[in-house]
Amino acid sequence: DHDVAQYAQWLGDDALVLAQRLGAWISRAPELEEDIALGNIALDLVGQARSLLHHAGTADGRSEDDLAYFRDETEFRSSWLVEQPNGDFAATIARQLVASTYMHELYARLQHASEPTLAAIAAKAVLEVAYHRDHAVQWTLRLGDGTDESRRRMVAGLDAVWPYVDELFADTPLIDRLGDRAVRPSTLREPVLAALRDVLRQAGLAEPDLPPAPCGGRAGRHSEYLGYILAEMQVLARQHPGASW
Amino acid sequence: MTTTTEAPPRDDQQVFDALIEADSRVEPRDWMPDAYRRTLVRQISQHAHSEIIGMQPEANWITRAPSLKRKAILIAKVQDEGGHGLYLYSAAQTLGASREDMLDQLHAGKARYSSIFNYPARTWADMGAIGWLVDGAAICNQVALCRTSYGPYARAMVRICKEESFHQRQGFEILLALSRGTEEQHQMAQDAVDRWYRPALMMFGPPDAESPNSRQSMAWKIKRVSNDELRRRFVGMCVPQFEALGLTMPDPELRFDEETGQWEPGPIDWDEFHEILAGRGPLNAERMRRRRAAHDEGAWVRDAAAAYARKQTERPAPAGASNHKEVAA
Amino acid sequence: MTTTTEAPPRDDQQVFDALIEADSRVEPRDWMPDAYRRTLVRQISQHAHSEIIGMQPEANWITRAPSLKRKAILIAKVQDEGGHGLYLYSAAQTLGASREDMLDQLHAGKARYSSIFNYPARTWADMGAIGWLVDGAAICNQVALCRTSYGPYARAMVRICKEESFHQRQGFEILLALSRGTEEQHQMAQDAVDRWYRPALMMFGPPDAESPNSRQSMAWKIKRVSNDELRRRFVGMCVPQFEALGLTMPDPELRFDEETGQWEPGPIDWDEFHEILAGRGPLNAERMRRRRAAHDEGAWVRDAAAAYARKQTERPAPAGASNHKEVAA
Amino acid sequence: DHDVAQYAQWLGDDALVLAQRLGAWISRAPELEEDIALGNIALDLVGQARSLLHHAGTADGRSEDDLAYFRDETEFRSSWLVEQPNGDFAATIARQLVASTYMHELYARLQHASEPTLAAIAAKAVLEVAYHRDHAVQWTLRLGDGTDESRRRMVAGLDAVWPYVDELFADTPLIDRLGDRAVRPSTLREPVLAALRDVLRQAGLAEPDLPPAPCGGRAGRHSEYLGYILAEMQVLARQHPGASW
């Protein structure tokens, strides 16, 4: 079904692009435990991306790799949030906090969706993203309530991602068509923001007072970062079209 | 040969000697000669450092892996290497070394790591060659170390060996796919094994005749098999696998010794080995810079975690903060 | 209407009024009303900031330009924008503003820049659309400003206009090559003009009826042509050029007014304009973050240059150091 | 002539890769004057790369863009020095100091080479790189003799590039075959090092005591950075093979 395939690309591309970002941390993290933790999160996300893109591809006979490596930028459906750069560790944690809280609420609902494959993928993913969220929450508390410097950086990290939170909750005609086969993004706004505010409160951090940016990732209108991400991700596969690996 | 600072009570040394003689394990609480302890700390931490530095050449290809399956496998592999580093630092800690000190030694350039990681990983095929040849050579070493005399090290090796043999198989599979792929892919695979085979042979260390430290380690049963013997075992393992891969072994002087029943590699350029050991490899400086940068740029994060932990113990935890599980130290 | 802190001597105001009346230029040493000065500082620094922020969307494509010739042209263009920023800051400095203060205002989010740069440059064709439409609209504004009443600003505009018209031509050429290229390239060009045309129309500011500040600026002859009139001139210029490019003008309601002999654009979504002005554009936060990051991360460099300069004046220069020419401040 | 073409690629690829690195500074420099100065240097280097690659391409009918955009990594001939990352401003200045000093000595000699096109290109380039060198020298003095922090960073920047200085002076059989049509790299070692030492002395900086790294860029064996550089540089051109721009 073409609509389900589109929706699976929303979720799959978010997972894939975020995995790509996190993958760049490995061997560069502040401590060995974080090389492993961020690697683990990236690995879960690649796994989710594979399931989702595989499912998306069944609609028109494309493989997960056809979708990952041979779509151009405008064909991607990732949100601007996950395309944002790693920045320092605090910026990455801020992005993780928002992304994992969103994904957790999303998959918790999607596991009850009427589309069985999406529901099954979500049922597995929700357990993984619960861990991702715990990881981000712990670090938000540590950085928010650690040293002056960590607090300053955590505030800057939250400011950097906050304009891109709103995009995650935008409904589209696709969502109307999908009905109970998908999760309506607007229904996630309240629980996600409530969960985020709760963490910020515990960490002694204020919610950033920044207006949302109009984005458009779900319609293929991306941040200026995605082009660079795809150039790197796809370079080898595209150098050898048709090859097996 | 042992140089203890104080002469041990006669029975301690005798108990230790008897343990070694009996092929039993020395455990952290047991008395052991200082030199035995120092040798182990040096060797285990060097091994841990190698895992950490060894993450770099492979991490460079995570974002460019040519299929999602390969990307997942590569992430898992590099992550395993981090995990091996952690086990090994823990094993060294049982000997009284602190992880911080060991890392400081690494960052100060005073501790070694396996010099093979000072070669660049130039193409995707290097992910295959590193997994198959470098991890393969490591396994030859490590299988022998599963019987090493120090208990925690031997147990870490058992666990590591299991994971390494996965990695080796995955490396082989990468090369097999390339070798059977397009002409360009096959060429990429051959080029990668051409570059990594010799350095892998050097991983076993200098020839036995030129390896004076080995003798004491053998006596202590830290080391159980000699460098040259391990190297021959590795070459013997490679011969049929190169054939299965359809790749040419880059050693025209390789010969089968009918008498010993073993394959003998051609002469090795030990000058290159010593150059790299002396810091003159292509990427010695680069690898160290990246390691130090990660550590230095992460200092504020570790400080924050420490400050937060201190605050948590100093004051009663707020009601809401207690229900989050601890994920990372 | 002017709100000077002290009432000027009657003859100063008269001299100023006579200068304006006579279409002469006001120069830095001339007396001028405070409000005239403040209006100019605000306008010129805003113009300078626009040049600086405007470097970002184009700089993003320097490393990816699809031919070496285009790469060279793009570097030169972005560099020119930096140069324009410098002239304009200098012009504002003649009014007593300091560059540091103006930059601080920008970094604190208290000074505006042209909101069009808060749209992303998504494809290579955007380099054409920005050059042709955005610089084209800027030229319409700036040609009028070449006759502005404040001398240094007018002279800066003359110089800038010359360079901008190169940029506009280069933008046109980029689009022409794409429009006449492959199907995909043509589509890329059409998509880019579809996205940039409306924002370019908004660059002339709100309709005259809703632009109260304009009236005083017109009276002072800082501004010489109204927003709507400039917009119509721009649209009139675009019509034949779209045709020459073989691209469709993204305004189905465009009409030719037989009476005035001018092209009239369809209605413009001023809500979007006000959203972006209010900081709710796609990249408002992003552009500011990058600008601040460059400034903050460069602080140690500026400090070093200042410290070095201080040392050079405090002590006799060593013999060898004097024969290097000063390249950058 | 195939040998001349190879040699022109050595020089052209150095200029191109270094321009690519410097181009990434534009709009990110410590002050506006440096956005302009680094942009100007990048522009000169792109110009030199175009002349050199155009000349190289005449040997087998390829255009400058064929060479820049459609050669793979192993076909590039750049040195490891120019492939090194920008790092902070001091690292960039350290790389510029070495690169421009080397290029200046090289082009000063090459303008008298017996190959007329190379000589003509060199005669123009030598004037440009003299400016690049002045720029790097001035900043080396300022950073070396500025603040404690700038000095610390300048020392780190020099350490980062020093292992890659040696590669610039390596002769190869190609150089033997070219004779007086090219400049023998080994003849540049003494003047380049002397000039560098003179600047370091003025800046109160010690020459780094670091062993040279065996590189191999002239034989197509590159640092781990070049792959990333080319992925970004070539992505658009390769997405549209055969297109005109």
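Note that the chains take the letters A, B, C and D in the order they are written out, and that residue 1 is the start of every chain.
Rule of thumb we're sticking to: a contact is a pair of C-beta atoms (placed from the backbone, for glycine too) under 8 Å apart; a residue touches a chain by one contact, two chains touch by 3 or more.
A quick note: this is a predicted structure, and the numbers were derived from the prediction, not measured.
Asks: Listed by label, which chains are in contact with chain B and with chain C?
Replies: Both-contact set = A, D.
Asks: Determine the set of chains touching chain C that also touch chain D.
Replies: Chains that touch both chain C and chain D, as defined above, are A.
Asks: Based on the averaged CA atom positions, which chain is farthest from chain C?
Replies: B
Asks: What whole-number Å value describes the gap between the mean CA coordinates of chain A and chain B?
Replies: It comes to 34 Å between the two C-alpha centres.
Asks: Please compute the C-alpha centroid of chain A, do the same for chain D, then give the distance between them in whole Å.
Replies: Averaging C-alpha atoms per chain gives centres 39 Å apart.
Asks: For chain A, jot down the residues that touch at least 2 other chains.
Replies: Expected reply: 227, 231-232, 235.
Asks: Which residues of chain B are in contact with two or more other chains?
Replies: 64, in rising order.
Asks: What topology does the chain touch graph have (line, ring, star, complete, other)?
Replies: If you draw each chain as a dot and join those that touch, the picture is no line, ring, star or complete graph.
Asks: How do the chains pair up in terms of touching? List each pair.
Replies: A-B, A-C, A-D, B-D, C-D
Asks: Going by the contact rule at the top, pick out the chain D residues touching chain A in the complex.
Replies: Within the complex, chain D contacts chain A at residues 72, 227-228, 230-232, 235, 238-239.
Asks: For chain C, which residues are in contact with chain D within the complex?
Replies: Result: residues 52, 55-56, 59, 62-72, 75-76, 78-79, 82-83, 85-86, 89, 124, 174, 177-178, 181-182, 184-185, 290, 293-295, 297-305, 307-308, 311, 318, 320-321, 324-329 of chain C touch chain D.
Asks: Using the touch rule from the top, collect the residues of chain C that touch chain A in their complex.
Replies: It comes out as residues 57, 60, 64, 120-123, 275, 278-286, 289.
Asks: Which residues of chain D touch chain B in the complex?
Replies: These residues of chain D touch chain B: 73, 159-160, 163, 210-216, 221-224, 227, 231.
Asks: Give every residue of chain A touching chain B within the complex, in rising order.
Replies: For chain A paired with chain B, touching residues are 16, 19-20, 23-24, 26-37, 39-40, 42-43, 46-47, 49-50, 53, 64-65, 68-69, 88-89, 131, 134-135, 137-139, 141-143, 145-147, 149-150, 153, 198, 201-202, 232-233, 235-237, 240, 242-245.
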